[in-house]
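Please go over the structures that come below.
Heads up, the next two complexes both have subunit A, just with different partners, subunit B and then subunit C.
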Partner chain A sequence: METPVTPPAMGFAEKLMSVKRHTLYLLLIVATSVPTFFSITLPNKPDQPSIDFFTTVMALPEGSTILIETDWTKSTRGDSMGQMQALLRILMRHNIKFAIYSTADPAAPQVARDTIGRVSEERRAKGERPYVRWEDWVDLGYFPNSEATNNAIATNIRKAFAGKTEVPGVGQPATDVFRSPVLSHIQKVGDMPLLLVVTASKTFDIIVERLYGKVPLAAMVTGVMGPESTVYYASGQMVGLCVGLKGALDIERMMESGVNNPPDKPVVVNKKNPEVVPGFPGDDNEGNGKAYYPTLHLALTLMILAVIIGNIGMVLTRKGAKS
Partner chain B sequence: MNYPLFKLTLGVIATVGLYTVLWKENKFYRFWEHAFLGLAAGWSLVALWTESLKSVWWDKMVGVTAEGGGVDTPGFWPYVLLLPIGLMGYFVFSKKHNWLSRVPIGIIIGLWSGQQVQVWWNRYGPQINGTLKPILPTGDGFFVPDTTGMTPEEAAAVAGNLYVSQAITNLIFIATVLCVLSYFLFSFDFKNRFIRGMTVSGRWLLMVGFGAIFGSTVMMRFTLLIDRMYFVWIEWLRDTVLRIGG
Partner chain C sequence: MNGFFAQVIPPSPFNAPNGSAELWTRLVIALLLGVAAVVALMKAPVSVRKPVVAVSTFCAGLYWVVFFLWPRPVNRLPGDMPSGLVDGVGFWLEDANPIVGNLSNVLSAFLLGLGIYSLLRIHGMRVIKGHKDAFFSAVLLLGILAMGVFGYWDWLDKMSPTGPSLALEANWAFQNRVRDFLFDGLLQEMDAGMFSLIAFYILSAAYRAFRIRSIEATLLLATAFIVMLSFMGLVTGLLDGVIDGIKGTADPGFLDNFKLTEIAKWLRATVETPSLRGIDFGIGIGALAMGLRLWLSLEKTAVSS
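Up next is the complex of A and B:
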């Protein structure tokens, strides 16, 4: 009768190398869950693209209308919702009117409408004037071909959105959006001081291809898109750029402290322009950026540790094999 | 159970269901995966009509009736011609008539190709221009002076100079561009050691770039997970079920 063979005991290096993936998943879930219960403020210095984005939006004339291409859905909520919330808070506090449209995903308009509704509701709860559809903003809908849509906007914005209607009020008939206070004065896209794209997809490239030179462009993109988007900022094709969660946090930070403000001891310094841009100190400026940033640090620390431990294990195993 | 709580609870169950695949492939995960796909497909179909086709095509074709019953916007019947052209695309499934599908594809390719010169220049022209950076310093001092407290004119004067630190940055930028471009010159056999060194540097610099892109990607994926956890623990559990926050 054969005696059962017991496998040799694992060495320290092998143990390091063979941590079960389920253990790592569990650690990751704990690391991304626990910090969400605490309000932790980490030091943050806004990047220049974010500063340019913020100062551009803050410089928009009160009562003017901008166009927003919103191309994100729940799948990138972690990055895009914090960005969009911060943007909407600024626009609404400055009475900037806006028209939204989407070209990337059929779910994008609904996600944008929900976010606008939430931020408007925040205002109502604080006793401020809520943003009213038709009066303050309009929804131009979803267009399945981004190239054609943005080309049409560049050529003739009125024809591009011809036939789009909104209901001005309860009991009123659907009316052409170009009769609304938001778009009635717009004849061409260049009449708008800014076109903003909040996106998680390549529609960002298409916007540049089709609309660069027709209207100033600025963007809020996901972290994945950061490196590829920076070239447009560096070349001046984008007047401002907000990238990922860090971008959202930058905007939230500047909403609280302003830029070059106070002039004698500024918290955030704009190296390009000494103009003082006051933020909204004491207002409801915090959002997903601040809520998620500490958690992101813990998660990244965990990953870096896992990579280091795995590599130490590998080196020790190789050394053991050689000896 | 009120509607917001029901809605969020369903979202939490779906989230947990989809994450169960981390443990192993299972029917609970499959159910939620299929539910998501079905919902997304159904939503897309309806949204395509309500958000886009109705106003952009149908209403323009049949016209719009005014409140009192008169004509608000008259119809423009030639829009009907778009339907057969679009439907021709489906002949791709027919062995006998699949040539018909090339008609709409040809139109799309033709329109697309015609735009490419302008599109290419709009996208890359300013970037090529932006690559031509000065490398000879014009300002006194190494670093860019702090413009805090300066008048706009003084700040503009600072912005108009090129300081040594900026010149070094520009030099690194231009060297990187040239090295990476030389890496992609596959048509020549480089015997010169300097050029060979440039191509090797180009490869290393590309690797550094890919590393930065990969880092950004990982960071964003973590953000998505954090957002889901925030949804489960804060938005659902703390703020809605326990009602102790928000």
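Up next is the complex of A and C:
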């Protein structure tokens, strides 16, 4: 009877190259769970695109109306929800009205409505005025064809959203959104000081293609879409850009510290513009950005370590083979 | 010409007051006619279908081509009248744009309907035939039904005269709570759960595949490390702090160029952005070529099979 051949024991280098998949998964679970149990504050220096985004939003005239294309769902809540929360907090603190619409995902309007509701509830809980639908914001709905919709907005915003209704108050019938305080003074998209897209997909491309030059554009995109959207920021077609989880944290930090503020010893410096932009120090500025940033740190650290370990193993194996 | 479309005021033969029985009747008739036209087209021989599809595609595309190329009215104000043929066509194209846009949205919405129909057909057949995975198909169908019923019920509630009171959770009725549970509690959480699984695959794939087997791979790895590290505030704070410590108060100094954030910024602005711009141009040209082929019905597989 033939004796079974036992494979030779793996050397150190080979062990480094063959860490089991499940071990990696377990390490990832452990690493990303740590911030759930401990509150960790990490240093962060806001990027210039985030600074431009923040200063643009902070400079919006009080009482004005902006258009927000919201194209994200909870699949990207790690990035998008923190961005949207921070944005809504700024808009509501500055009494800026907004109209939302979606073109990427049929679930996106409901996710946006829920987020608006939560941020408004935060205000109610603090004794501040909650944001009221019809008076402060309206929902224009979901449009499955992004190209055609944004083209129509560029040509004639009133016709693009014709027939959309909201209920002004209890006991009142659904009424044309263009009779609401949010949109009644809007004749063309250029009457708005900003069109903002919060997206997890390539809809910012279409926004730039169809609406650049008609209205200033800014975007909040996921980390994955960051490189592609940077093209439009670099070309000047977007006045501000908030990318990924770090972008959300950037905005939260600037909400606390402001920009070029205090002028003698600023925490965040805007290299493009020396104007002082005060934030909201002491207010509830922290959100998902701060909560999830340590998780991103740990996940990236683990990935970098895994790649380094794999490569060390490969190099040692090659050296062993040569010798 | 624009008067033929439903969105035009005053009402045309193609529209009716919002929510009226007349509108619903017209909608049903239009839907039936549309379905009949599609069925007729499907049953027709290729020799008949092909020119019909080709002409329809060409006419649909022609509007957008002309809209893009024709001179547009500048600083047009409400009540302005066109002065000549060029101006007149420009006015017409501009007025028709939101209407054509709505038409495009309706057509795109039918694609969603087509997706739902496909799901219902495939999974319905599985349930009827007692397929080994019929249970999962039944759950899917039940999910679609429940979400549709409670979603629509909730929407009707919110668009009713008492709708604004539902901004407060305390005023929610049964249907609003079920909609919230189904959408926010289940669908969206599962959506997030599914997406988060990608992190596991990325980690595993990076560990196994990201090896410095060539100069190109080494460059790619070094670049990826710099960009990843630049997202980590703790690391950038430490490394940039070292540079600040060396250079002292000189502002801005040559050594600033060696800060991690500056290197990452340089990589993004000088390497990544131009590369992506080049790719975008390539995609644009490809899309233009494919668009032309589709518009002129040179892409035969779409209609011949």
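Methods note: the second predicted complex is superposed on the first by the 323 of 323 C-alpha atoms of A that agree within 3 Å, B and C clash if a C-alpha of one lies under 4 Å from a C-alpha of the other, contacts with A are read in each partner's own complex, and residues count from 1 in each chain.
In this text, a residue touches a chain if its C-beta (ideal position, glycine included) is under 8 Å from a C-beta of that chain, and two chains touch if they have at least 3 such contacts.
Here the structure is a predicted model, which means the values were calculated and not measured.
The superposition on subunit A brings subunit B into a clash with subunit C.
Once chain A of one complex is fitted onto chain A of the other, the partner contacts of A:Thr165 extend to both subunit B and subunit C.
Of the two partner chains placed by the overlay, neither subunit B nor subunit C lies in contact with A:Pro61. In the superposed pair of complexes, A:Glu275 makes contact with subunit B only, with no contact to subunit C.
In the superposed pair of complexes, A:Thr301 makes contact with subunit C only, with no contact to subunit B.
When the two structures are aligned on the shared chain, A:Gly320 is found in touch with neither subunit B nor subunit C. Once chain A of one complex is fitted onto chain A of the other, the partner contacts of A:Pro262 are absent, as it touches neither subunit B nor subunit C.
In the superposition on chain A, A:Leu28 makes contact with both subunit B and subunit C.
Once the two complexes are laid over each other on the shared chain, residue contacts for A:Pro227 go to subunit B and to subunit C alike. When the two structures are aligned on the shared chain, A:Gly11 is found in touch with neither subunit B nor subunit C.
After superposing the two complexes on chain A, the stretch of subunit B that clashes with subunit C is 95-103, out of 95-103, 131-139, 149-157 or 185-193. Overlap of the subunit B and subunit C interfaces on subunit A comprises residues 25, 28, 32, 75-78, 106-107, 110, 143-144, 147-148, 151, 162-163, 165, 173, 223, 227-228, 231, 234, 244, 296, 299-300, 303. Per the touch definition, subunit B reaches subunit A in the complex via residues 22-23, 40, 43-44, 47-48, 51-52, 55-56, 59-60, 66-67, 73, 111-112, 115, 119-120, 122-123, 126-127, 129-130, 144, 146-152, 154-155, 159, 209, 212-213, 216-220, 222-230, 232-234, 238.
Within the complex, the subunit C residues that touch subunit A are 7, 18, 78, 94-95, 97-105, 107-109, 111-112, 158-165, 167, 183-184, 187-189, 191-192, 194-196, 199-200, 202-204, 206-208, 210-213, 221, 225, 228-229, 231-234, 236-237, 240, 261, 265, 268-269, 272-273, 276-277, 280.
For subunit A in complex with subunit B, the touching residues are 22, 25, 28-29, 32-33, 36-37, 75-79, 81, 102, 106-107, 109-110, 141-144, 147-148, 151, 162-165, 173, 205, 208-210, 212-213, 222-224, 226-228, 231-232, 234-237, 244-245, 260, 263-264, 266, 269, 271-275, 288, 291-292, 295-296, 299-300, 303.
The touching residues of subunit A, when paired with subunit C in their complex, are 19, 21, 24-25, 28, 32, 42-45, 47-48, 73-78, 106-107, 110-111, 114, 117, 120, 130, 132-134, 143-145, 147-149, 151-152, 155-156, 159-160, 162-163, 165, 167-174, 187, 223, 227-228, 230-231, 234, 244, 246, 249, 293, 296-297, 299-304, 306-307, 309-311, 314-315.
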